[in-house]
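For reference, the structure is listed below as structure tokens.
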Amino acid sequence: MGSLKNRKVLKYLFYAGLVIAVLADFLMHREKIELPWDAVPGFNAMYGFFSTILLIIVLRAAGYVLLKREDYYD
Amino acid sequence: MIQDIIFAKYNYIIYITLMTIGFYGMIGKRNLIKKLIGMSIFQYSIFLFYISAADVSGGTAPILLKEPAVYVNPLPHVLILTAIVVAVSTLAVGLSLAIRIHREFGTLDEDKIIELS
Amino acid sequence: MIDWVPPGIVLIAGAFLIPFLKGRAKRAYLLLLPVITFIDLFFMADGTGWAVPFMGYNLVFGQVDRLSMAFGYVFVIMAFIGMLYALHVKEDGQHFAAFLYAGSALGVVFSGDFLSLFVFWEIMAFSGVFLIWYSRDKASRDAGMRYLLVHVFGGLSLLAGIVIRLVNTGSLEFGSLAHGGLDSYLILLGFMVNAAVPPLHAWLSDAYPEATITGAVFLSAFTTKTAVYVLLRAFSGFEILIWFGAAMAVFGVAYALLQNDIRRLLAYEIISQVGYMIAGIGMGTMLSLNGVTAHAFTHILYKGLLFMGAGAVIYTAGKRKFTELGGLYRTMPLTLGLYMVGALSISAVPFFSGFVSKSMIVSASAHEHLAPVWLLLTLASAGTFLLVALRLPYFTFFGKDSGIKAKEPPVNMLLAMGFAAFLNILIGVYPAILYNILPFPVDYVPYTGEHIVWTVQILLFTALGFFLMRDKLMSQPAISLDIDWIYRKGSRAFMWFVEKPLSAAAQLPVRIFLRIADYLMWLGKNPTRAVSLYASTAIFRLLGRFPGMPPHASEKLLENAWKNYPGEPVKKSPVGDSVILVLILMAVYAIYYYIVT
Amino acid sequence: MIEHFPVLIIAVGLLGAFFTPIIGLIRKELCSPWASLITLLQFLISIFLLYQVLAAGNISYWLGGWQPPWGIEYAIDILNAFVLVLVAGVCFSVSIYAKKSLGFEVPGKELPLYTLYILLSTGMLGIVVTGDIFNLYVFLEIGSLAAYALIAVGDRQSLMASFNYMIMGTISASFILLGIGYLYVMTGTLNMADLSERLPELYGRPVILVALALLVVGLSIKTALFPLHTWLPDAYTHAPSAVSAMLAGTFTKVGIYALIRVMFTVISPEYVIETVPVMNILSWVAAAGIVAGSVLAIAQYDIKRMLAYSSVSQIGYIILGVSMANKLAMTGGILHILSHSLMKVGLFMVAGAIIYRTGIRNIYQLKGMGKKMPFTMAAFVIGALSMIGIPPTIGFASKFYLAWGALEAENWVFVAVILLSSLLTAVYFWRIFENVYFGVHEHEEIKKDEVPLSMLLPILIFAAITLLLGLFASLPIGVIEHWVTGVLP
């Protein structure tokens, strides 16, 4: 991953990308609105982020039930 | 009424009785030879049935008759001759099996043979 | 005049030549065979060809239309890529099984009737299992066995459906079945087993990770996509499938998240991606069906690429678990790069193949105003990116250094991955190439401003979520429970059940008869005495005592009389038992005949 | 000469059996080729008869020139000819296999063994070829007596197995004899064709019902239809492998042939289907037998015993198909006579081959056998797949027709039974596959060690025919359908 400095640069680029992606949505021309949230700028960003968090949290919880030792079936 | 049935068809009753005795022999007896005897009685009861069915009272053998007369149907007799041969062969096989079994297990009692094998 | 041969037959027949070739010629032949098949495919004429009369029915081996051609193309391309990837393998049997497997998948695609479809379907199941068994270890043996059992079950269901349909309609023709009825439900069940629709999915995630490195590449491409093809043909517009598919997409991702084995993660990802296709089939609009075909096409290419990448890691590093891998990017940069092409494709990043296909299905759901479906599919999309493009490479190639001295895989593997990667990018950049072969005319434009921006938003914010919570994603050395628990744990119970209670039950009629027989025997020992026993018992019950005797003494007497009934208890005799059975059955028959007349 | 073929097939066998001891006295080793030669002759004649029946219609041969119903008639239609070819073919192939197998399992007994072998073959062919119902009984006994003796030469337990079989077989034959007796008393004829003409006037008399019950029960014993199968597992398990193979492939099938002949030719289909639903009760008994046989097979550890119970189940299939008595099911049932014969003979021969090489009978000890005997085990796999009913094997074709017939009869229980039993069959064969191909032999290096060619060749031929007939199933199906359409209304 290269040096620490490179990492920092990458990090900032990543953040910039986040901001630009959301901002661009405000400027976007929408051809047609098919679903209720198509008109909401940044909805996809929110949805992507929270679904990730949700997935991870729910599955950590599920893991307590579903995960077993590797020799479970032996 | 009942007498009629008994006396007119007594051979059929005997055939059923013999058959039952044969079955009893095969089911109830432990000794293989006795089972074989039961089997033979069972077979012979059927022969009796055939012969009874062929019989005509007062009939004679259908050979060497110059003029028409009441005669006994010969075919069942012939069939039963064949069947008797079969029965005798079966008995022979059965007895030789019994001999082999006795040599192998030293007994003819079914329970003991099952224990030994 | 026949100027082409059903391509499935070419591959299957061609496979039989493999053992006779050696060295370089064999390798050339292995690559040439898919090429020949491709040329053959290219010259296939639209319409119905190769109809063979059989038992009074027409078997159609060459039902050619745009849909079957689209699947045909990608199957042959994948057969080529897979074979290139497997070129270093020395075992003829593996190549043979692979060609048989791919060939039977092609056979299914071009089948115009249910009987030949079923035959190819079964060949596919049975040749596929060898790709698993060639791993030659206990895990793969057991998994392959379970795989077979599930597929035999699916095959039987399919067969039952086909037979019912044949009786009802008198036709074996393979066409739309979306009308319902027992036959189509049974056939649907059979198809859904192969499509790995939960709860019938566990065979896939159970078996594929245990397959050989090269076998898994083939497996990932054909079985589920063949199922998608037949479902597309027979059940498009069958609405329940939308919900099955959407649930499946999320389910697959969710379970993939729990996995520690890289190929098991990818296997669950197949379930998720097939979920999109099933949902698209359920929608049944022109756009969605095009999308399904396109997505099946690209999915074969990128999932093959991903399995090849994972296989390359396992091949050189010898490990297959996140907890044992890490830091491989230094020694395997090429593999990493090619793998990432596949990962970005599956995540539907713009300019990669997944973007132009997956978005068709998602857009179709929007067109139909199926908001919940859109949400579920998008959730799965985010999860896919999280898993395949971020988590898997992060823990395999970056993360803590595992200290494994891995190197790049053999050239043929890299070439195969390179070719697949090239196709993925080509389709992503120039989608017309794919759109031109879809079954319906396409007026869909993937590259619009809003579409790109929204996709980028989802992807970037998913990435943000990943970097914030990546510690939580660290794997544990563990396995996850799934539906296969039922038959993995259940199989032992089943054997016990058969050996003990069930076989006892099978003997039950015999035993009942023997109980009767025992009784008759008991009676037969001394019938008069037995009758008198019954009579005296009846008298005792009625009067409470015997005439002229006190009750207590009467009871004692009766008890003794029962006890002293002649002879010892009846012993069993096998010969006698059999004879009794005969007698009883004879009586049953005679009575039955007498009653029914 | 050609017109005498129907009787020649029997005469060749009887003379062959008679001369076997004489040839054996000259040189013991000649017995086996002699038996092969005789059975080959019978096989060739039967093929010719099938050809003739297909080309020129039914054959009626009058023994000694006596016109039926006074003389004995040998009447051959498609069904006869079909079963003839099957029985003679199996007897011939197994006789080749038997040379080494019997030589290993019961050394030094060639002389009586092959005499009995030819007698058994001839007895079975006689049952099939004859058009006289009493003659059928006689041939049944000829075959049975030979079979008892052949079984008894097996291992220690075979003696009691044979004894049990003999008692059961005798009861069976006596019942048949008694049934025939009643029919004769009522009609005064023994010729099958003649009987079928005279019987309709007498339908409704209780004595016909008794005769029917006697014949059904008697033949059920011979076919080992559940629950009268009790003699079969012991007999097949303890008999020499070659004998098990031959009996499994032919004798029970001949019993089924006789059942079909009696039910559908002598007594008319209308009577047994509608007036007295004999077929109804028979089909339920058969369905019970299918499931019970499969389940009991799963519970077995001895490979031959497992195959024997599997036979019980498969016989259930055949009887089920026949007794559902619609055209499809009947075709399936008769086709299953062929397919079960092919697969079961092959499987028993493989079991014999394994015993020949290793002496192993427990299926959990078969580990590594896939490497040791690759060809034999491949044949086993083909037979087993056919047994499960996986295309493109002949077993698939017959099960397909059976299931189809059950659907036609709209009896969902039977459909379920047929499919369920397929799954159970898969279970008990997979246990073997698993051990054979994946079980690891701990101790020794496994070397390829196939059985001699004279044993391997019949095994491979049966496997090949199982596959080939599966691919060209329309061939036998066409023949059978032809017969079925002539019989069923």
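Quick notes on this one:
So that you can tell them apart, the chains are marked A, B, C and D in the order they are listed, and the count of residues begins at 1 in each.
Following the convention adopted for this analysis, contacts are C-beta pairs under 8 Å (C-beta built on N, C-alpha and C of every residue); 3 or more make two chains touch, one makes a residue touch a chain.
The model shown is predicted, which means the values in this text are computed figures rather than measured ones.
Looking at B-C and B-D, the interface holding more C-beta pairs in contact is that of B-D.
Averaging C-alpha coordinates per chain places the centre of subunit B 63 Å away from that of subunit C.
The distance from the centre of subunit B to the centre of subunit D, with each centre set as the mean of the Cα atoms, comes to 29 Å. With centres defined as mean CA coordinates, subunit B is found 93 Å away from subunit A. Note: centroid distance subunit A to subunit D, computed from Cα atoms, is 69 Å. For subunit B, the set of residues that touch two or more other chains comprises 26, 35, 114. The residues of subunit C that reach two or more other chains are 574-575, 579, listed in rising order. Looking at subunit A, one finds that none of its residues touch two or more other chains.
Pairwise, the chains that touch each other are A-C, B-C, B-D, C-D. Of all the residues in subunit D, the ones that touch subunit B in their complex are 134, 137-138, 141, 145, 148-149, 152, 156-157, 159-160, 162-163, 166-167, 170-171, 173-174, 177-178, 181, 184-185, 190. Chain contact summary for the complex, subunit B toward subunit D: residues 26, 32, 35, 39, 42-43, 46, 49-50, 53, 75-76, 79, 82-83, 86, 89-90, 93-94, 97-98, 100-101, 104, 113-114, 117. If you check the complex, the residues on subunit D that touch subunit C are 160, 163-164, 167-168, 171-172, 175, 204, 206, 209-210, 212-214, 216-217, 220-221, 227-228, 230-231, 234, 275-278, 281, 288, 291-292, 295-296, 298-299, 388, 390-392, 400, 403-404, 407-408, 415, 419, 422-423, 426-427, 430, 434, 437-438, 473-474, 477.
By the touch criterion given at the top, residues 1, 14, 17-18, 21-22, 24-25, 28-31, 34-36, 38, 42, 44-53, 55-60, 62-63, 65-70, 72-73 of subunit A touch subunit C in their complex.
Across the complex, subunit B meets subunit C through its residues 23-24, 26-28, 30, 35, 110-111, 114.
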